[in-house]
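The next part holds the structures, each set out as structure tokens.
One chain, subunit A, appears in both complexes that follow, with subunit B as partner in the first and subunit C in the second.
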Partner chain A sequence: MNDTSTTVDSEIGEAVKSFILTEFLPGENPSELGEDTPLITGKILDSIAALKLVGFLEARFGFEVEAHEADFDNLDSIGRIVRFVHSKLRPTHG
Partner chain B sequence: MPDEPRIRGASTWPTLTLQGARSAGLQWDIAVSPSVKRLALCVELGTAALVIRQFEIGGTAFVRTSMAALAGAAVHSVLPVRLRLGFFITLSICAIYLVLGAWAGTWVVGTGVAVLGICHLPLSFRIRGALLVVACAALAALRLEWLPLPFEAAVLPVLGSMFVFRTLIYFYDLRHERSAWSPGYALGYFFLLPNVCFALFPVVDFKTFRRTHLQDDPDWTAQVGLQWISRGIVHLVLYRGVYLYATIPPSEVTSVWGLARFVATSFALYMRVSGIFHLVVGMLHLFGFALPETHHRYFLSAGVSDFWRRINIYWKDFMLKLFFYPAYFRLRRRGAVAALVLSTLYVVVMTWFLHACQWFWIEGSFPLRWQDGVFWTILATLMTAGTLAEFRRKEPRGDAVIISRPRLLAARAVRIVATFVGISTLWSLWTSDSLEEWIAVWSVLGNGWAGDTISRLMGPVGVVIGAALLGIASVVPDAEGRSALTADRHLRGPSPFWSVAGLTSVTLLVLALAGSPELWRAFAPPLEEAMAPLRSAPLNQVDLARLQRGYYEDLMNADRFNSRLWELTLKRSPGWGTTTPVMRETGDYRVYELPPFANVVFKGARLHTNGWGMRDREYTRSKPKGTYRIALLGASYVMGSGVGDDETFEGLLEERINRELTPRSGLHYEILNFAVGGYGPLQRLMTLERKAFAFEPDAVLYVAQAGDLVAEVQKMRLAIERDAWPPYPFVRDLLAQAGIRNGMSEEEMLRRLRPDAQALLSWVYDTIAKQCAERGVLPMWGWLPSLNPRGASIPAPRPPPGFVAMNLEGLFDGRDLAGLRLTDWDFHPNAEGHRMIADRLYAEILERGGIDLLRPGFRQALEGQ
Partner chain C sequence: MAEIRLLHELLWRAAEAWPAQVALEEEGGATITYDELAALADEAGEALRRLGVRRGDRVAVRVPKSIDAVAAIFAAMKVGAAYLPLDPSAPAERNRAIVRDARVSAAVLERRSADPLRKDLGEAAVLTLDGVGRGDGLRKALAEGPRPGCPPALDAADVHPGEPAYILYTSGSTGPPKGVMISHAAALSFVDWASQTFRPECADRFSSHAPLHFDLSVFDLYVAIRHGARVVLIGEATGKEPLRLAALIAERRISVWYSVPSVLALLVGYGKLARRSYPDLRLVLFAGEVFPVVPLRALQSLWPAPRYFNLYGPTETNVCTAFEIPPTIPENRARPYPIGRACSHLRTIVVDASGRPVPAGSEGELCVSGPAVMLGYWNRPEETERAFLETAPGERWYRTGDVVVENAEGEYEFLGRRDRMVKRRGYRVELGEIEAALHRHPAVREVAVIALPDDVDGLRVKAFLGLSREPRPSMIELKRFCGEILPGYMIPDVFAFADALPRTSTGKVDYPRLEADERRGSMVERCSSA
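Up next is the complex of A and B:
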């Protein structure tokens, strides 16, 4: 991964982290929410929270999430979310 | 984040040190080698096996399977990683054969492989889906017995529980999954150990199943599994305590305290399901599947949405994945609120429907009941309101919400109590045998101050109160706490191995000691008797009452999942005990009778009737010369339910009397069996009047039993439904005074008639005695003890005046009752039981005079004394 993509990932990560802290972890120390903190298995993201997060990702980054993508693989940590956003933003090469 | 103590991968397992753990800010752990951990695991496995055996957890099949599984887990822990999945699949398939046998096992495995094959056919997704629907329809036709079953009846419930929901998940994942297919995981997923033992099984998600396999240190995963197994056993033992000692039959609810007990225990019985699910998922952990928990402190739910997330987490995830998200994502263009409302309603409706489907595969019928409708409608409404409220507000998530102020803590406690009361109320409705019965139970709130009409409104009032409590708990925002990421154990990583191992070992040890009868005998003999039922799990009073009433025939209530009775009845063959092909309607208060020339298999035995509709050999209507006739009146025991024509005590007694008394008296003896299964005292009286007297009997033997009032009420309800009231003014007046009317539940009738039961019985006996006197017939009365534990302990009543009494009380004392019953779930006497009854009756006849008793002039001689 080059510097540009690292910067983009970092921006995505910060945006996602900020959203999660504001919406689902009010009052929490930001440094406690790491890139690998489990969000679904840690019960921070329940079904309704996941929908809010999906709505945020779609509005912020301009892509559409499909139903089967709103799962553990893509949403269980900030790291996974960043990779998911990245994959959605990157055009598929066949 | 600090380093986690768990070690990923199986090849290198460095040891944590006390210092290292402390420096990482973790809980206490000690340096120890993997081999010591495995030794500890083996000791725990052995203790768990002992406890499962002691308490007969999950029934015989599960005890056997779990012994194999726990031994297998010990082997699994030392196998090379590459062999572990294969070992698990082999063990799972062996368990299927162990429980079902070779033929049925092959059908289950073969069908499973075929379903899996259809999923992977090189055809379009739609065509494969259509083929799965066709396969499902074929199996449904077998379940409905439209097609002849090529295998045992037990196969389809097992297939249903293994494949219905898992195929949906698997097929969904197959469509969206990007990773390569693994035949090993597919086979392991469908034939999951110990599914073959449980019709109710957690809906495991395929992706989670695959993802979590060997993701953590296998020793740690196994340790968590043992913790969950011990927790599951605790749930099941507590369930037995509630089931045996706290539940109360609806007919015995006569006070507000009784009502509270009835309502609370109906929900508490759910511990059976949560216990089984803990056991199952714990067992899967032993083989490296670090699956998430299935239930999470559901008695502490605060609001409906919270309850939904806690009570059956796998089901919630299944519904989210296959129904909620697809519906929401499709509908969200209409706005988030509309999409949420419609998706939530869709989920609730589908939950109802899929529960009914589940029941279809298990029982072969598709239950649609009013209680289900009311329960799910209320739940749907409240869940929708709760979901919307949650969507609109920001609040801390997760378990670790810090609520420090007393006022907020109190608010949280109120929410929890309100949710428990509300859910229990709705649960009691959902699990009741009938809506009328449930409404009747609530009418006790009107005792002493309200009339009949207002009392009947207490049920709906209860629903409204329950729903209101839930609604308040669901839509009012939670305490304004602060989320606490650092305090959440889920986010810190697992507890250290030895903390969990220590707690688990202590739990298992306590259970092992509690399950040891020798220990109780030695140190607390009075408690030994109380502990014994917790180990053997007999039926409770509610289920025994159901059994007595024949309710095992159509246990359609949701409580079936929590009932030991339901577990037992699953073993019975289809149509066991169904009276429809045996009986015909009479059009009067008797409701039905045996038709002439019947030739059917009833409860596994051939049942013939003669030309007069008696379960007996042929007799002429007019009494042959030199013959002494006894008309026998009674219910199913006397009719001989479940034994062959030549095995009934009536036939055996008749044969013996003729063999042993005829040479001395010169008389021929005939016992005419007028008994009909389910007949109560009034039906027996009507049979005497309308049929038996026409056969010129010299004596009438009326056989009484403990369940006679229950039988009477059952028939009464059916008769009144047909507008066929008893043809006796005295009885009609008595029923009117008791407030008996059409549409009333059996439980309510029973409760109202209990105070007048003795008056009713006395009147029946007086009438029989009077009519016998008018005809010069000798009335005899026999008391037959029950093989149902509920009735077995009831002492014989005083014999009615004017009858020759033959009291068989104590007949079965000292005998193993299980060896005298038809089956585990049907307490009618088997052939051996009938032989004992015949022998004892013969002895009673001899004691009361033998040939002197059974002679035409005995009655007159008796009256002359």
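Up next is the complex of A and C:
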């Protein structure tokens, strides 16, 4: 179970990382962008970039992000985004 | 009724005419009526007076947009001072530079722990608000503030309409921002023009999307207040979230909307506007940058009822030309709409490089004259001098720096800039200010910043850096570094490293070559990815 979710998380993480590098940090060394690198507070994502990221997540993973979800808690790092996507994909754990 | 001579008198006039009408509505739903707002501003003015604020002073206001903030700016004007709104979310360093430059005598601040601005206020009196909203933060500060018996109040009456009502800081070409001084008479001439043009009524509900340090707020507040209308204050966070904005416009029954085009483009792209109806919306005004036709047409199809106006004008004149967008935008139109004709309270001319007027159909710089033009830049006599063109003794024209052409219909079309200023999300950005910030990075030896047109975002800002030492800083570090000095809209999108920047024969950075190389590069990219 754990192994499966780790694989899923790393797939989500890679997709998100690749999107951020291509769209907002073209030319950056990928190793500089870690799972905990602050995206919003670190000024990598501004409000418009965050909307683009949300649009990417919706299209790629097939869910809708509500207004109250597109916030710092869910988007400020790749780690947070992965957890958020995961929670959207598996809304219940029962 | 006596003629209104000073900008703040609009509030006390409204309090007489519509005492029980709601003046301001906050996002959370709190409201204040005109007589309550006037009373709160009166009380705050009295406190400022006791703190020693005098006619001719400057009062900084760093308070998130709220009933408290609006009452504070009226209070400052009431005692004869000019208000100086600071961007609460700007890097501390930028606000510190502004406060030092402006030499304010007082500041109204929302309390922050370890506030770096305090150091720069020197002897200035400070009114500190613990929390903001509903006017409660201001009321509490007033209750705890200096009591009567402090230094006697000088009467601030007899303020002349030609004295500054407010000072707005905009991006400066060599680094530090500069303060545009607008007099009471200038602001009122704009408010009068807007009143005659848009005929607001006390049943209207105005959006207040722009922050108070942005000149669009002058329309939102004072035009609404002049007519006893309701101003719906939109906070910074919601202002950037299209889904929440769309809900707010529908639920708060906004009838007059005013913002930069990029916010409207966001609403079209991400706001899911079709989910709701907007029966009250009758006017959509936009200004600050070019509105590309594709999102404008999409907006019009989602909101078919309101009239749309493209307003144009720098902070130095506020709106000086206007153009009404036709009710249906033809499918084949790709070119942005004109900025229109001179507003009735101003005159405009188009001049060549030597300052001589050019005939209609020829390109040139747009210059503006009339009562709405700024007094000058605070404490910058030379820059003020350079900003004006004198065509005859006493005939002074503000040089906008914008290159326009008058078309066959007599409307001005905006073509571009004659200097290195660009517009991002409606904000003025001097590329030189970004360069000055990057120069402060310890690894940076030389820097050149250019702006490139972008199909999706309108504009992309790219910084070229020559380094004085290894290792090369990461882009992530450079973005964070810029974010500590510059507002978010000034942070470059892309960084590139160069051994040496291209130079002209006189040793200056060869910007045209950098731009041409970039255009060629992006063409190569497009061709190779096709």
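Everything below uses one rule, namely that the second predicted complex is superposed on the first by the 91 of 94 C-alpha atoms of A that agree within 3 Å, B and C clash if a C-alpha of one lies under 4 Å from a C-alpha of the other, contacts with A are read in each partner's own complex, and residues count from 1 in each chain.
The definition used in the following text is that a contact is a pair of C-beta atoms (placed from the backbone, for glycine too) under 8 Å apart; a residue touches a chain by one contact, two chains touch by 3 or more.
Everything quoted here is computed from the prediction, not taken from an experiment.
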Touched partner set for A:Leu51, first subunit B, second subunit C, both or neither: both
Touched subunit A residues, subunit B compared with subunit C: B
Partner chain(s) touched by A:Gly13 [first = subunit B, second = subunit C, both, neither]: neither
Touched partner set for A:Asp36, first subunit B, second subunit C, both or neither: first
First, second, both or neither for A:Thr22, with subunit B first and subunit C second: first
Partner chain in contact with A:Gly79 - subunit B first, subunit C second, else both or neither: neither
Touching both subunit C and subunit B, counted on subunit A across the two superposed complexes: 24-29, 32-33, 37, 42-44, 46-48, 51, 55, 66-67, 70
Residue numbers on subunit A that touch subunit C, as the complex places them: 24-29, 32-33, 37, 42-44, 46-48, 51, 54-55, 66-67, 70
Footprint of subunit A on subunit B - complex, ascending: 1, 172, 175-176, 207-208, 211, 292, 305, 309, 316, 320-321, 324-326, 328-330, 336, 340, 387, 390-391, 394-399, 482-486, 488, 490-491
Residue ranges of subunit C in contact with subunit A within the complex: 240-244, 247, 262, 266, 269-270, 425, 457, 474-476, 479-480, 482-483, 488-489, 491, 493-496
Subunit A - residues contacting subunit B, complex: 22-29, 32-34, 36-38, 41-49, 51-52, 55, 65-68, 70-73
